[in-house]
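Okay, so chain A shows up in both of these, paired with chain B first and chain C after.
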Partner chain A sequence: MSVEIFVTDKAGLQKFYEAIMANHETYAPVETFGKFDFKRVARLTECDPESPVAKTRSIKPLFFPRTSRVMKYIATSAGTDVSETDEDPLAVKRVILGAKHCDARALQVLDKVYNWDYIDTDYQKRRENTVIISTRCDKADTHCFCTSLDYDVENLDAMDVLIVNGADGKIYIRAKTEKGAGLLNSEVTRHASPVTEESATPELKKQYDAFAASFRLRMDYAEVNAKLSKIFDTPEFENVSGNCVSCNTCAFVCPTCHCFKISDEKVKDAGVRYKSYDSCNNGYFTLMAGGHNPRPAKYRRWRQRAMHKFVYYKERFGENLCVGCGKCTISCPVNISIFEVVNQVAQ
Partner chain B sequence: MEQLLVPMICKVDKVIQETPDIRTYRLKFREEGMMDQFTYFPGQFVEFSLLGSGECTFCIASSATRKGFFDCSIKKAGVVTADIHTSLEEGDEVGIRGPFGNWFPLDDIKGKNLLFVGGGIGLAPLRSLIQYCTDNRNDYKDFTILYGARTSADMCYKDEIKEWQDNKTLKVVLTIDKPEETWTTNVGVVPKILEEVVKPVIENTMVITCGPPIMIKYTIQSLVKLGFADKDIITTLEMKMQCGLGKCGRCNIGSTYVCKDGPVFTNEQLKNLPDEF
Partner chain C sequence: MNYTKQIQEIAAKLFAEGKIDVFVGYRMNGFDDNQVPVLISGPQDISKLVFTDKSVFNLVNYLKTDHTRRKRVGLVVKGCDSRSLNLMLTESQVKRENLYVVGICCEGVVDDDGQRMQNCVECMVPDAVVYDELLGETLSGSQTLTGSKPYIVNVDIAALAEKPLTERAAYFEEVFESCIRCNACRHSCPLCYCAKCCIDQETATLYNGANTTSAAFHALMTWSLHLAGRCVDCRNCEKACPSHLPLHLLHKQNESVIFKNFQEHLAGVNPGDRGAFYKYSMQDPDDFIM
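Take a look at the complex of A and B:
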């Protein structure tokens, strides 16, 4: 794919966004009670594609909904009648505006688990039909640490279209995939002008360097990963998890947590099966009938959470499961920070 | 994913009350011809739904060498299994997904002496392999089954055990935990009987064991003490599972998915897992 970069100003970018909303099913951050959630939008005034990273929830629910109906069934005298549920509303062609880099990266990481062995075709269809437009942050939030992990934030290829507020005050729009290039070809040309890679690169670099310099949190990922993989039995997990109230909020807001449960609900002879979010912080998560539980204590469940994020997933699928977005830390009612947990344990 | 969570419907063909709290359900697919497509190997499991109540993980307790049906032996232990025991009878319908997971290493055990060590409901996955191996008896050398239960009433598959005892090519050793008036053979926990009564030949022998976690632990210790190599000790793990597809994250032990990489493991593999099962 030839690199296509366009340059525009604030007004041009807004017109570009409006053109997308007019012609495509579009999702963007919409503010409700001080938090931004990705919702279906028709006009730019309804949303803020540049919503602050710390206040914006993940785009995960657009690919892995909080709850989905798996099937319906009816028991009749002739037998049980099982039917799959209606059309998937998330599998249509759509565009997401204002996704953060960490969110886009999270999907790239999740692709691995959904595409090994049994393929999750629903997830795959939702992914294929979605164009993700991601604006690079200008400044890190207090709890952000994406630049400390195992992926290259500057050259991230997890989004279809990259938008950068250049250091020169201009806005750069760059296609990162064929899908993204297709969208730009049809929507951007009237509102922005093409530029060469040579002229854009220094501006993008300057912006990235200023962004990278704004991080409060930094760690040596390779060292933390190596140390964690050797200290399963450390008592430090008891210290770091002591305050946890097992509310599972961290897992629900996490862009990469993907554990789910299957539950049935029945009224008389008809029932529905649901698939919904679950979390390894739940005491019953691994509890078996008969009472045996491999992770009966809270510190064991926190160890699973930290190790799955920083060791196990990396071992299995080659990527760190934590993307460093800080959402769990911001939402935690008792201020547990995954950054501090892994660093303290790896000490 | 969603369509992979939708079960196929099976009819309960027969219910066998094995012990006061274990029932074996013999199942047949409702849809004609489906049974022939349902190919499985000893050690694999299914997700079994009592629709409306919930879905549970059970190993398949029969062998595909016995055609036309498959068995699940279910111990009353939790919410769904209690519902199954109270409400699921002959002619009723259940949902089945599967088969899932890996299976016993059929190639590795060929031409070997086989030693089965089971406890309680843990005989269910072994029964699948025992049936498979007795149906191909000439492929194996000495064939020993050691089975223990808390009491004589708690022994599963009583009729089938009699068949095994009558089969002159099998050696069957039974034990119960505490003495009973009418019980004339061994009394004592499985590892003790293994060391004192069975005294197995080590050379060219593969051991397949399953039972309650505590029994597996001490049995493996005994086997290692007797001189068995870790790679010759095979067991099948009990873990909480839901999807069976390597997605829902419940059965992870370290980076291992028990539902995909297991449930059958050699002791050599188990030693490399974090101690969390």
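Take a look at the complex of A and C:
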């Protein structure tokens, strides 16, 4: 694929967005109750693709919905009828505007587990049919630490189209995948002019350097990962989990958490089976039918969450499960910072 | 409002005298001016303790966790927190002799944007009602209870009450639609201490774990009604809600109905008061029932 880079200004970008909304099913950050959720939009005035990173929820629910119907069943005297639900696992092509880099990266990480021993076809279809347009942040939020982790934020290829705010009001639009290039070819040419990679690269680099310099949180990822992998039994987990109220907010807003539970909405002999979000911080999460619970204490559940993010997933799939977005810290009612906790434990 | 020094002294004294095993207070989070609750188990960490108008979270919540169970606990409480503590004591969830309570005459706490929280503006009981030691000037706590200060209906409730029924219904529909069923409201509520909660069922028709609007409605309404006459308006639930839902609406309406109809009942103000719905009298009104 040849690299396609376009340059435009704010008005051109807005026209580009509007053209997308006119021709595709589009999802963008919409303000609801003081935070931004990704919702279906028809006009640019309804949404804010430049929503602040701290207040924007992840795009995970568009791929792994917070609740989906798995099947319907009805028990009759002749046996049990099981049918697929009428839910369409997304044959429609769609576009996401205003996704953050961390959210896009999170999907790349999730792809590994969804393509592992069981291939989740619904997730795959949603992934294939979605074009992700991601704007690079200009400034890090208080709790962001994406640049400290194991992935290259500057050359991230998790999104299909990258948008970067250059100097002097110039906005660079760059295709990152074939899907993205296809979208640009059909929508962007009227509102932006192509530039060569040589002329754009220094601008993109300059913007990234300014962005990377704005981070307050920095850590040595390799060191933290190596230390954590050796200290499963440290009593420090008991200390750091003391002020956690086990509310599970962190897992529900996390762009990479993917645990779920199965529940039935049942009336007499017929029912619908749902798959919904769950969290390993829940006391009953590991409770077995016989009554045994391998993680009865809060600190054990906390350890599982931290170690799964920073050690286990890396060992198994080669990627860190935490993408450094800071959403858990921002949402935490008692302001616990995952960054602070893993660093404290690793010390 | 800054009681950092006094609280550090009290904690040091308690540890020195061997009166407590753990002290629950606040510390700075180290990133901005927000605070994190902290459980201190020895005198070495006392210098971390702070108390300012950013000390928002109701610490009574920690009395139901593994880290404080069967231990002697030192605890900082504001007015609303102390009311929930009173209810915990009345409902036999904690033993008074295991607690050393540092009460605060609260001047109100502020939210993330530095604005005084609405529940503090409307607060009728700013002083701690249960304590071993009281810090600060007694404000008007006891006076307001005798009726010198009129009951203020919550601004949001008042605004909603003026809207037509269809608009109100649409508003609440959006609330329940936006709920993601993480149950953070329940976990952060100091008075939700049941070991097994009725909304955690896997196969029930109403309370299944699915994240449908109807399941969210039933879970939130059940929660709201279980807290009717017990909610102390500390807003832990709203702080925890990742969807930023106006959960206080579900409680404040109950509270105002109860205040009006049950001898100006305010939850947890009087020690041993079991709450409006635990008492029964032939004179109880029923005209507020839908």
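Here, the second predicted complex is superposed on the first by the 342 of 347 C-alpha atoms of A that agree within 3 Å, B and C clash if a C-alpha of one lies under 4 Å from a C-alpha of the other, contacts with A are read in each partner's own complex, and residues count from 1 in each chain.
As a working rule, a contact is a pair of C-beta atoms (placed from the backbone, for glycine too) under 8 Å apart; a residue touches a chain by one contact, two chains touch by 3 or more.
Since the structure is predicted, the reported quantities are computational estimates derived from the model, not experimental observations.
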Query raised in the report: Which of the two partners, first being chain B and second being chain C, lies in contact with A:249: first, second, both, or neither?
Result: second
Query raised in the report: Regarding the shared-chain residue A:315, is it in contact with chain B (first), chain C (second), both, or neither?
Result: first
Query raised in the report: In the superposed arrangement, does A:84 touch chain B (first), chain C (second), both or neither?
Result: first
Query raised in the report: Touching A:114 in the superposition: chain B (first), chain C (second), both, neither?
Result: first
Query raised in the report: With the two structures laid over each other on chain A, which partner does A:287 touch: chain B (first), chain C (second), both, or neither?
Result: first
Report summary line: Residue overlap on chain A between the chain B interface and the chain C interface 261-266, 271, 278
Query raised in the report: Which residues of chain A touch chain B in the complex?
Result: 68, 70-71, 73, 75, 79-80, 82, 84-85, 88, 113-114, 116-118, 120-123, 232, 258-266, 271, 273, 275, 278, 280, 285-290, 292, 294-295, 300, 304, 307-308, 311-313, 315-316
**Report entry** chain A - residues contacting chain C, complex
**Finding:** 32-35, 37, 57, 66-67, 142-143, 216-217, 242-243, 245-249, 251-253, 261-267, 271, 274, 276-279, 284, 297-299, 331, 333-337, 340
Requested in this report: Report the residues of chain C in contact with chain A in the complex, numbered from low to high.
Outcome: 29-32, 34-39, 57, 61-62, 65-67, 174-175, 178, 180-184, 187-188, 200-205, 208-212, 215, 236, 239-246
Query - For the chain B and chain A complex, residues of the former touching the latter - result: 1-7, 9, 30, 49, 51-56, 75, 77-81, 93, 95, 213, 238-240, 242-243, 245-250, 252-255, 260, 274-277
